[in-house]
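Each of the next two complexes has subunit A plus one more chain, namely subunit B in the first and subunit C in the second.
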Partner chain A sequence: MPKIRFLLTDGAELAVEAQSGRTLMETALENSVPGIIAECNGSAACATCHVVLPENIMSALGPISEHENDMLDFAEAPREPGSRLSCQIKVSDALDNVSVRIPAA
Partner chain B sequence: MLHDVDHPATAIPGNESSIVIVGAGQAGLSTAEKLRANGFVGSLTLIGDEADAPYQRPPLSKAYLLGELERDRLKLKAEDWYAKNRIALRLGTRVASIDRGRRRVCLADGGMLAYDRLVLATGATARKLPQAISRGLAGIFTIRTLADIDALRPALETRGKLLVIGGGYIGLEIAAVARGLGMTVDVVEATDRPLARVASAETARAVEDLHRSRGVTFHLGRAVSELLGADRVTGARLGDGTIIAADVVVAGIGGMPQTTLAAEAGFAIDNGIAADAYGRTGDPFIWAAGDCANFSLPGGALRMESVGNAIDSADLVARNIMGARQPYKPKPWFWSDQFDLKLQIAGLSRPGDTVVVRQGAGPGRSHWYYRQGQFVAVDGLNAPRDYLVGKRLLAVSASPDPAQVADPVLTLEALASSK
Partner chain C sequence: MSEAVKVVDDVAFEDLLANPYPVFKRVRDLGPVVKVEAANIMMVTRFDDIIAIERDPETFSSINPQSLLNTVIGPNLMRKDGDDHARERAAMDPSLRPGVVKRCWADPMRAICDDVISQIEHRGEAELFDELAAPIAARALADILGFDDVDWRTMALWSQSLIDGSGNYSHNPEIARKAREAANGVESAVDRMLPHHRDNPNPSMLSSMLQADPPQTVEQIYANIKVAIGGGLNETRDSILTLILGLLQNPDQLARVRAEPSLWGPAFEEAVRWISPIGMYPRRLTRDMEISGTLVRKGEQVGLCVGAANHDDRRFSDPEKFDIFREEKSHLAFGAGSHFCAGTWVSRALVSQIAVPTVFERLRNLRLKNPDHIRIRGWVFRGPTHMPVVWDA
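What follows is the complex of A and B.
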C-alpha cells in the first residue's frame, strides 16, 4: 500500500496508508485530511479537492482532462504547476512517499 | 437563547456530555466529523435507519447506476474511522420518538439513548406515486438510497422501455443513463418544461434539447393518470388518453423533508424542521442540519437538498454547538451530469430574473442571472471556468457589467476582477 504524505495548510504533515485503485480524494476523505472538502464526491464539479504535487511525478499520473484543466484555472487557491484535482487521480505506487500539498485559499 | 449564558443549553458540551445525531447521511456524518474537529470529546452516537454506513448519494443516479463506481467506493469513511474517532455508529436503527423532557431518544427496537444535545439530520425521502396511480404493480422505482438503486439495476439490465415520471434532475439523470444503456426512454412531466422548479427556462431548454437530440421522448404538460398491467407494470395512461408502453417506471417526483419524528416531538413543521440562522430548533438542546432543516435567514426561510448544504450546515451546527455563535451564510451550488453535459449552478435564480448568455469559444456557454441589476446566479453548461468565476463573484457580492459578461472577447480573467 502506497504511503501518502499530505502537507496541510498549517505546515503539519499527515501520512496515511492509501489503497491502490481508490482516488487520492477518497483517500483524503477517509482519513479526514483537513482542506479536502470534495463536495461533489469526485465529479470534478466543485474544485474543493485541489492539491499540489511535485512536478516531477506529474507525467506518471496521466493526462489532465480539459474539464479538470478548466476547473483548475479558477480554483479557490491559485493554480500552480503541480496543481491537480485529487478526485481525478488514482492511487498507485507512483504516489508512494510523495508529498501532496493542500494549497491555502 | 443563544446569548443567554446562564442557560444549560448554551454551555459548551464537555467530556461528560453526550451528543446524538439522528440520520447517517452526508449531513449527519459531517456533523459528527466536525464536532470532533471542533474539540468535542464526549460521547457521540450516529444513528441511521439504512443498513449501509454513510455513503455518497450523488453518484447513485450516475456513475454507480452505470456500474462505473464500485459499491465499496461509495462509502464516505473507512470502516475503522468510526472507532478511531470514537463515534458509535448504529445502522439499521430507527428512532421511534424523542422524549424532550427527559432528553432522550427512544429507538424502535426498544432501546433508549440520553442526550445533552440532539442533532436532527433526518434528510429527505423520495415522494412515492399515489396508490391510485401505482396500483401496487411491480417494476416501479424511486431513487434516493443505495437500496433503491440496487433494486433498480437488474430491472434496467432487461434493456427494455423506461418511463420516467417527473422531469427533474433525478428523472433526467436516470433518462440519460438509460439511453446510454440503449433503452427506449419516455419522460412525462406535468408542467410545460423539464426542470421547471429547479432551473431557469433557458437552462431547461438547453437540457431538453440535449435529451431530445439523444432520443429521449418528452410528454410535457401531461400527467400519468394510471399505470397499466396485471402484476408488473406494462405501461401508462396519460391524462389525455395517450398510452405509453413501459417495462420499468422510475418516479422522480421530488423529495420530501423527513419530518415525522420532529412533528411527533411537537416541533412546528413548515417545509422542513424550522431552525434559526444558527441551526437551532425551537428546543435549545436540539439542532437541525441538511435536507430536513428549513433555516430562518435574513433573506427568508431556506431549505435546500444538496451536498453543499449538507456539508456546510453540518459544519455550522457543529461549530455552534461548540460555542461559535455564527449565523448560516449559505453558498448554494448544484451540479448535474447528463450525457456529456456537465451542468454547474451557483446561486439561486428565480423566474423573472434577467438572463445574460455568455457564449464561449468552445461548445460550452453560461447563463448569468440579474435581479434588480444585481448579479444573483450563474449556470455553466460545459463551461467550468465561467461557473467558477461567477461563483467567486457571488461569494463577494460583486456584480459584473452584463454587457461585459455577454462580450465573448472579454476574457474571464478580466471578468473575475469585477466589483
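What follows is the complex of A and C.
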C-alpha cells in the first residue's frame, strides 16, 4: 500500500496508507485531511480538491484533461506548476512516499 | 435500534411558500429525516447528512424514470447517474467551464447588463425583478445555449412553465398544457438553430452537444437544453436580486464591498447561502438505509433540503443573518456530488463579477423603495418576487 504524505496548510504532515485504485481525493476524505472539501465528489466540477504535487512526478501521472486544466485556473488557491485536482488522480506506487501539499487560499 | 421517520402534520403548504426557514429549523431539530405532510415529502435538512448522502449515489440515486420532470421534459441528465449521466454532463461542460466563461461569455454578458441598465438608468426608479434581473438572466442564458432568435420574455415563460410542469403533482391540466407548449417551443428553437451550430462550431451549449464524442442525439439535446432553461434562469435571476437585497439592507457591508472588489465573490456565496434559489431536490433510495439512525426504506424518495442545510446552526452561526464576513465555510446552494450545478461558474461570473457590481456602479445611491415591504416567496425555488428601487438619476 503506497504511503501518502499530506502536507497541511499549517505546515503539519499527515502520513496515511492509501489503497491503490482509489483517488487521491477519496484517500484524503477517508483520512479527514483538512482543506479537501470535494463538493462535487470527484466530478471535476468544483475545484475544491486542489493539491500541489512535486513537479518531478507529474509526468508519471499522465496528461491533464482540458477540463481539469481549465478548472485549475479557478481554484481558490492560486495555481502552481504542480497543481492537480486530487479527484482526477488514482493512487498508485508512483505516489508512494510522495508529499501532497494542500495549498493555502 | 433505528428510529422511525417522524411526521409533521400541522404545517400548511402556504407556510412553506411564505417562509420555509422556521419550518426547516423545526424539522432539523426534530430529526434527521422528517415527513412533512403539507409537502408530501421526507425532508433531510442537516448539512452533514446531505453531504454524506451526496457521497453515496449508489444508495441515494437520481434515477427516476417515472418522475414528473422526465414526463415533462424527457429523459435528462438530472435523473441519471453513473456513466449515462457523466456522458451527457461532459457534452455541456465545455460551454460552462470557468475559463470558457471568462474567455467567451464575460464580454457578451457585460454587454447585456449594460444594455439592460441603459434602458432604466435615466429614470431613477425601477422594479428590478422584471426590469433588470429577469432580462439579464434570460438573455445571458439564451447566448450561452446558442439561441439567437428567442427574446427574453419567451425564455422566461418557457422556464417558468417547465418548472411549474415538473412540480405539477396535482395534475392541473392548464399547468400541464403550458409545460407542453414550452417544451414544443424549446424543441422548435433547437430545430431552427441546429444547422447553424453544426456548420459553425462555437462555444455555445448546442454546439458543444453536437461536438461531443459521441454527439448527443436530438432527444438528448432537447431534454438537456430544457434542463438548462428550467434550471439556469430563475436561479440566476433570484440570486441577482438576493445579493442586491442583502447589500441594500446592510449598507456597511455594501460600502466594504465597493471599496474592496475582491469581496464580490464571498458576497455572492453568502447571498445564495442566505436565500438559496433552489431549496430542495430529490433522491430515491435503492436499498434500505439509515440516515443518522433513522431508517428509510428502499424505493422511498427523500427531499434534500439544501436551503435548510444552509441555515443549519450546527455549521453557520446566526444563519438567518446576511453576513459576507462570516467564517468561510462551503455551502450547498449549488448542490453536491456528481450533479453539482453545471452552471455554477456562469452564475458566479454573471452575478458577482458583472451584473451586481455594474448595478451599484451605475445606479447611484441605490435604495429600496419600500424597505418594509420586501416580497420573497417559495421553498423549492425561492427568491424576491418584486423589488421596487429608486436611485439618483
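Here, the second predicted complex is superposed on the first by the 105 of 105 C-alpha atoms of A that agree within 3 Å, B and C clash if a C-alpha of one lies under 4 Å from a C-alpha of the other, contacts with A are read in each partner's own complex, and residues count from 1 in each chain.
The rule is simple: a residue touches a chain if its C-beta (ideal position, glycine included) is under 8 Å from a C-beta of that chain, and two chains touch if they have at least 3 such contacts.
Everything quoted here is computed from the prediction, not taken from an experiment.
Within the superposed three-chain model, A:Gly82 lies out of touch with both subunit B and subunit C [touch as defined at top]. When both complexes are overlaid on chain A, the residue A:Pro2 reaches neither subunit B nor subunit C. Of the two partner chains, subunit B is the only one that A:Arg22 touches; subunit C does not reach it.
Touched residues of subunit A were counted for both subunit B and subunit C, and B has more of them. In the superposition on chain A, A:Asp70 contacts both subunit B and subunit C.
Applying the stated contact rule after C-alpha superposition, one finds that A:Glu39 touches each of subunit B and subunit C. Where the contact sets of subunit A with subunit B and with subunit C meet, they give residues 29, 37, 39-43, 45-47, 67, 70-71, 73-74. By the touch criterion given at the top, residues 33, 37, 56, 58-59, 62, 73, 76-78, 81, 85, 307-308, 311, 333, 335, 337, 342, 344, 382, 384-385, 388-389, 392, 412, 416 of subunit B touch subunit A in their complex.
Residues 54-55, 57, 86, 89-90, 93-94, 97-100, 330, 334, 336-338, 340, 342, 344-345 of subunit C are the ones touching subunit A in the complex. Interface of subunit A with subunit B (complex): residues 22, 26, 29-32, 34, 37, 39-47, 67, 70-71, 73-76.
On subunit A, the positions that touch subunit C within their shared complex are 29, 37, 39-43, 45-48, 67, 70-71, 73-74.
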